[in-house]
Amino acid sequence: MSNEPKSGGPVSDAFLADLAAASRILAEREVVDGFGHVSQRHPTAPDRYFMSRSIAPALVTPDDIIEYTLDNEPCNARGRGSFLERFIHGAIYKARPDVNSVVHSHSPSVIPFGLVSTRMEAMFHNAAFLAQGVPVFDIRQKFGATNMLVCDDVKGEALAACMGACNVAMMRAHGSVACGPNLQVAVFRAVYTEVNARVQHWAAALSGGAPLASLDTEEGELADLTNQGAGMRAWELWRQQVRDTVNW
Amino acid sequence: MSNEPKSGGPVSDAFLADLAAASRILAEREVVDGFGHVSQRHPTAPDRYFMSRSIAPALVTPDDIIEYTLDNEPCNARGRGSFLERFIHGAIYKARPDVNSVVHSHSPSVIPFGLVSTRMEAMFHNAAFLAQGVPVFDIRQKFGATNMLVCDDVKGEALAACMGACNVAMMRAHGSVACGPNLQVAVFRAVYTEVNARVQHWAAALSGGAPLASLDTEEGELADLTNQGAGMRAWELWRQQVRDTVNW
Amino acid sequence: MSNEPKSGGPVSDAFLADLAAASRILAEREVVDGFGHVSQRHPTAPDRYFMSRSIAPALVTPDDIIEYTLDNEPCNARGRGSFLERFIHGAIYKARPDVNSVVHSHSPSVIPFGLVSTRMEAMFHNAAFLAQGVPVFDIRQKFGATNMLVCDDVKGEALAACMGACNVAMMRAHGSVACGPNLQVAVFRAVYTEVNARVQHWAAALSGGAPLASLDTEEGELADLTNQGAGMRAWELWRQQVRDTVNW
Amino acid sequence: MSNEPKSGGPVSDAFLADLAAASRILAEREVVDGFGHVSQRHPTAPDRYFMSRSIAPALVTPDDIIEYTLDNEPCNARGRGSFLERFIHGAIYKARPDVNSVVHSHSPSVIPFGLVSTRMEAMFHNAAFLAQGVPVFDIRQKFGATNMLVCDDVKGEALAACMGACNVAMMRAHGSVACGPNLQVAVFRAVYTEVNARVQHWAAALSGGAPLASLDTEEGELADLTNQGAGMRAWELWRQQVRDTVNW
């Protein structure tokens, strides 16, 4: 343990509880199942982030949260195992100083948008964060045949590069990643990426291939600003629902 | 507070409880999620209406209900925040003396009908209220790029004008609005607009573009009359399910 | 009350409890929502049948069960209201001596098959009872514009005539009806009509219009025989789930 | 009872509890409904396997588990009825020494892939076990019109032959079978076959018939190796959820 990197400093119990709650919120809303993870950058040490040990999101408690460097080294593992794909998180935090929270998931409605040439568009105001585009990361292009996982720094960097300045990226034959300026917005975006996917499936089927009247870039920017405030209403609901089942 | 408009007079506890219950009914049936709202006109002062403060529908209690003028000014805010989109409600009450309850929602099955050229039709008798047509309000036509929200009187009026004498209108890249002569019918229509959307998605996919044998206008009128009575059976079920979880 | 027709004789508490449970089973499995009904012929008086008073299926108790003649006159109403569409039931019992239980429902997956030219086929062995064909009853053909309801004897007869010797019939822009030699089989068929509808929607979408490798008539007959025995396993599960929530 | 074949020897309570829990896990995740079954080979006697008596999967307890020979003869029936389709299990254990657990199910999303010419492909890394191909067993080809059930040794052998070295096979107009080197992997594969089916339905609809960027064979092999370890995280979640409702 003495070889572990230094902590960025203590964080509040509320910080850890909210991050653990975020895992359960994503599970409850079927954005994640037994797999998937959400992380949050250290509030005062931007070169550190927090994420649960490798367990199913629905089971995470504050005691499961580990602190990591942006090279994805645990600062306080204490025997707790790390997610194989933590490299997604560190790489995005390095590339994107504006991002303070990242969600990785594989919800069934979203995966199709990494398998076809149709791109995800913003179907409604709550999904405005998608209007700037949703790129697809195909791990095969740079790394050939793999186990599909972003399981080292180089793959994490390639994913972050593909994501660019966007809020969400698809991962071919795998899942997606959503990020935001804080935990609440990142969770909101992960949830509404999933909802938007369902809306787009139905809209595309109805339109029979004709273009959809989705949000344009300007509408997207304007609506996203509003959502970052109004979206807290959803967080309060979801956070309360977690509190109804645990005492933190 | 002394500057607030006058109340239209007291209403019964049962009135407020039913309106709060309507929020939870819509949440339970997934017509609304963390967002969306239902209002009811004042029973004796037609220039006033009631709606919850700005919280998630599943959390609304009778104490959250605020009284508004038809200009959407709160009469008794007492520090409680208002929905950004309350302007939908006041505008419809002004334009439609026959309407005494309005629901605004963004359920995933319904949104597609505001994104494509296919119009929603009445797929079965319970959705007969759709047979007179379901117009699409595109906020962009009159207001250019916006945050998509009906957040002032002018936008509310434009939506009400688009809705005309219909019971339901789509809002492009946003959601929909349903209204009725009383709370129970408005909730019924919001719920069955969502169900009808799911039916039409599947029917359209099966038909491969061929016309659907939906209700014609005359069938719609006849069936809607029956529904306004028989629909109370659904309300009784839903209201009881709320009573099973709260004491009001 | 003295003008009411005579009862066919008392039935056991277990008979009434099973029939009430069937309503709740259908509600729990989303075959019915606030609307829909299930009936059972009198076990010893074939000119009588039993069905709940007009309430939501999820709320039915044994005390809600009313006895009817095949002309759909209540024998023991005691102020309890009857379903507007009880005429479906009496007409089928008259036309089909082999049928001892009838379910009427409007589940969203099933309704589309009454709106398009594609017919429902038997997608798998549990839905074998569909292999003999699923006709569509269009109330408009004989009765012009109506409120869509089968609310008198003549409409009931027309529906029963359209159904012929089949186990299930679609009702255009309305719902469907399923029947069987006993309560358990009728409930099984109503449930698996709904499941089969979902399977066929996906199969038809995947096939892009090419014929589906559904059960042929001979396979349907053979599999249906097996199901009438093995199907009791599902009933036992469903009946137990009702017993877990009520004491009858 | 004295005529029954000999047991392969006692197994631990934990072995029986895990196998019973697997039934409930599959029911909870809607891979099975009132029908379907999961079996496990005897840990020390490879010519024996265990499976519950013929009841709905959601009701199975450790006391319901029966031991069978690979000819599907019960060793300890004690009056408990056997599944009609146990022949699926014995035949696969005979043909596949690498397989130690088998799941048979008919989930609505999966059945369509046995009814059309489109084959199931591996849509994402968790479904990597599908990348080696998913054959379709059509019982009609060898046996003509049947009740569709694999209800004797000859039909079991034909199914096993069709399955070959694959992990999953479709059964036309019936369902599917999934297998694995141990109980946890077989359950994982049954669950993710269902998830994969839903993903492929949406992806195929979006692509309009164009090929999907699914896992190729090499990616499938690499990802499946990882899953066999990481998949235990899902099992731990699911097993815990069963423990939350029973005391075994």
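Per-chain numbering from 1; labels A, B, C and D assigned in written order.
Convention: a contact is a pair of C-beta atoms (placed from the backbone, for glycine too) under 8 Å apart; a residue touches a chain by one contact, two chains touch by 3 or more.
Predicted, not measured: the structure shown is a model, and the values here were computed from it.
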item: Separation of subunit C from subunit A in steps, with touching chains one step apart; value: 2
item: Angle (degrees, nearest 5) of the CA superposition of subunit B onto subunit C; value: 90
item: Homomeric contact subunit A-subunit B: same or different residue positions, threshold half; value: different
item: Distance from the mean Cα position of subunit D to that of subunit A, given in whole angstrom; value: 33
item: Euclidean distance of C-alpha centroids - subunit B vs subunit D, Å; value: 46
item: Numbers and ranges of subunit D residues touching at least 2 other chains; value: 205
item: Chain contact topology (line, ring, star, complete or other); value: ring
item: Interchain contacts (touch definition) - all pairs; value: A-B, A-D, B-C, C-D
item: Touching residues (chain side subunit A, partner subunit B) in the complex; value: 122-126, 128, 195, 198-199, 202-203, 205-208, 210, 212-216, 218-219, 222-223, 225-226, 230, 233-234, 236-238, 240
item: Complex contact set, residues of subunit A against subunit D; value: 33-35, 54-56, 58-59, 84, 106, 108-109, 111-118, 138, 140, 145-149, 172-175, 201, 204-205, 209
